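Here it is, the structure in full.
The first chain written gets the first letter, and so on, giving A, B, C and D; residue counts start at 1 in each chain.
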Amino acid sequence: MGKKPLIVINFKTYSESMGDRAVKMAKYCNEITLESGVEVIVCPQIPDIYRVANSVKIPVFSQHIDGAGAGSHTGHITAECVMDAGASGTLINHSEKRLLLSEIDSAIQYAKKTGLKTIVCTNNIPVTSAAAMLGPEFVAIEPPELIGSGIPVSKADPDIVRESVMAVKKITSHVEVLCGAGISKGDDVAAALSLGTSGVLLASGVIKAKDPKAALYDLVGKI
Amino acid sequence: MGKKPLIVINFKTYSESMGDRAVKMAKYCNEITLESGVEVIVCPQIPDIYRVANSVKIPVFSQHIDGAGAGSHTGHITAECVMDAGASGTLINHSEKRLLLSEIDSAIQYAKKTGLKTIVCTNNIPVTSAAAMLGPEFVAIEPPELIGSGIPVSKADPDIVRESVMAVKKITSHVEVLCGAGISKGDDVAAALSLGTSGVLLASGVIKAKDPKAALYDLVGKI
Amino acid sequence: MGKKPLIVINFKTYSESMGDRAVKMAKYCNEITLESGVEVIVCPQIPDIYRVANSVKIPVFSQHIDGAGAGSHTGHITAECVMDAGASGTLINHSEKRLLLSEIDSAIQYAKKTGLKTIVCTNNIPVTSAAAMLGPEFVAIEPPELIGSGIPVSKADPDIVRESVMAVKKITSHVEVLCGAGISKGDDVAAALSLGTSGVLLASGVIKAKDPKAALYDLVGKI
Amino acid sequence: MGKKPLIVINFKTYSESMGDRAVKMAKYCNEITLESGVEVIVCPQIPDIYRVANSVKIPVFSQHIDGAGAGSHTGHITAECVMDAGASGTLINHSEKRLLLSEIDSAIQYAKKTGLKTIVCTNNIPVTSAAAMLGPEFVAIEPPELIGSGIPVSKADPDIVRESVMAVKKITSHVEVLCGAGISKGDDVAAALSLGTSGVLLASGVIKAKDPKAALYDLVGKI
């Protein structure tokens, strides 16, 4: 305990959070962090990382990296390059960008070498356990059927969250568990934390909100 | 102990082990099993499973299944269909057919439901541990750089084998460890068993041998 | 003209058309061909090809092949192996099994070398034209949004069919055009032929019909 | 004719051309363009596009885009976002980042809508023709076996270049042909142009050169 809960905002490829609007959205998140003390992380599109990272103090995460390093890997996203652009971490294996098992491992290894933190997204308890064995900083359990549903995983399926936390604890004390899918309210965050997670991962709940800033205030309000 | 060591022969898409030649090769393996008591499993190409399974008594494994079941999945290989064709198990995630982490999990779940045994191929110790968390019957560690090299993993890198066995034992007693890459001699098999594995996975060592039958005899001779 | 229209029945991974039921379904199609003179092609699951091909005289096509030949390609489906199992052709790039552009080319080349006919599935007019440049025997235009919809492409979007036929004719006289998506009635087939296609590709319209044999009779009835 | 030849420099994920070094390398290319009048295009890693595009006047191309637009596509690279970051074009389907046929089509369509120019990389003549049917601005033929070989395609296999140019001309006058693989000298560029191409695509020949600036001068020297 005592540790600050984490709120990870995935900008996806939403037009509401691209380019200048990515910078603006990240600045809102920066303000919220300053005011609330809650740690907010933003995940802009990869070409936007540099701009966003140069505009805010909060951590900027990439939405994806490949399991490739320096070399002949045209079009691949390397840990080193996103870090050089200002990212301090990355999502890996998001449900919209699933990777080979061996690529996830390789991406985590490159990230560790570079100093990039990793959040591996997963879809159920065995996959969460498997991901935890690969040694990322975080796993984020997101039941695919709830993503973008508006129904928070912390209410719809508290067991999957609770059991993911327990499964990971059995394996290691070095991997923290986040949860995602359907999160949009402060209540959802509070519920997620009470189930033993270290925070939440969300996207449309903030980015597609009529008033993203108000949505952010609501999100951190119950912590 | 007391348990019979396992020798898994992967026919790949070698022309030496396709069609009628797959049946012939499988019959050799069947003979060896009868004579030696060593359990040999054959993995013919998927279109050959039916023919091979109808010609031998030893277990026939598929080279691959997808993480898909009955439904709108044109071209996918389902656990149910390979089992109906006569397979009793399958390789999953071979280095030449890597899968998404979530697909490996899904393929194992379909296999379990159908009664198909699974061997998940892996490339290093963390990936082996991750695969073991998904609950297959076997994991098979095969350092990619040694595959087809003629240099047996049991000699070139005994530590990766020994540590894979230890890593998996720490997780569960229900998953056995095989090793592969460069195996071609009875000595390699004996070394693999002495490192704690339940057997070996090989391909060219038998299929591409001048005399596959002699190669098989040599393989089982030191057990 | 004078040429017989073609009806390609994709068995997908439907349980209604797997294993023994694949053989039974193929036999229905065989009867229809004998009685009507319409050429029906069946596409069972890959592990079922051998069994089906040994039970019927009509052409059996694979649902997929990879762009790989003999060699170290574990789990891949080769032209040579499906032909050896009894297939005389194959679907390539079905909407449920999309391939890399370079793989489609490679698969067609392997198929040609082996003597396997190819039907490349496509989703729109430019992709149809691109596929035609690769020299398959057939392209099959299937607008993804209509697949499994019950709304026949020949009615919902006759223009895409007509223009696909024209686009392909402009390129070559060696590639015939099929259409698919939502086809289930003899009227749909007649409409498809009147738009200039050489036949249709369908799945659920027959396989999921209450009475597949009656559905087949209806299909060929208006030709 | 009269048109300026094009030299496209792919920065790959080489460490020599990442981050600040990407900016420096792009500035060299900018100077060369100013001095020689030859059009040089640079393709930095995707997270570097913004920085590079803000430092030079020459065109900056992305190394890759996905066939996805605004929406729920975490980790995907959209035409809109790379353009917003300063790119004016993109490679598509590089041999190190092959795409599905339908994705190439979709990526080109998104690029057209956004105003991004496209160079589709291809591996042989039929694939080049297929790619040309999809309506990019350029196709770039690169025989995979020559990539990074130091043996220029324009010498090793002039026929594949010449025939690619002819094949594309037969289809359309709107698509120009580039060639790549093994290009490093001004002679190679001159040979490529004499074979009917509009320019060349290269990477290590400049980036890995002891003196990249000198390599660039040599490249443009024979035009």
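Just so it is clear, a contact is a pair of C-beta atoms (placed from the backbone, for glycine too) under 8 Å apart; a residue touches a chain by one contact, two chains touch by 3 or more.
Since the structure is predicted, the reported quantities are computational estimates derived from the model, not experimental observations.
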{"item": "Labels of chains that are neighbours to subunit A and to subunit D", "value": "none"}
{"item": "Label of the chain whose CA centroid is most distant from the centroid of subunit D", "value": "B"}
{"item": "Same vs different contact residues, subunit C with subunit D, by half of numbers used", "value": "same"}
{"item": "Geometric centre distance via CA averages, subunit D-subunit C, whole Å", "value": "37"}
{"item": "Inter-chain centre distance, subunit A versus subunit C - centres from mean C-alpha coordinates, in Å", "value": "43"}
{"item": "Residues of subunit A whose C-beta touches two or more other chains", "value": "none"}
{"item": "Chain contact topology (line, ring, star, complete or other)", "value": "ring"}
{"item": "Of all residues in subunit D, those that touch subunit A in their complex", "value": "10, 12-15, 18-19, 43, 45-51, 62-64, 68-78, 80-82, 84-85, 87, 91, 94-97, 147-148, 203-204"}
{"item": "Residues of subunit B defined as touching subunit A within the complex", "value": "93, 98-105, 122-124, 126-127, 129-135, 171"}
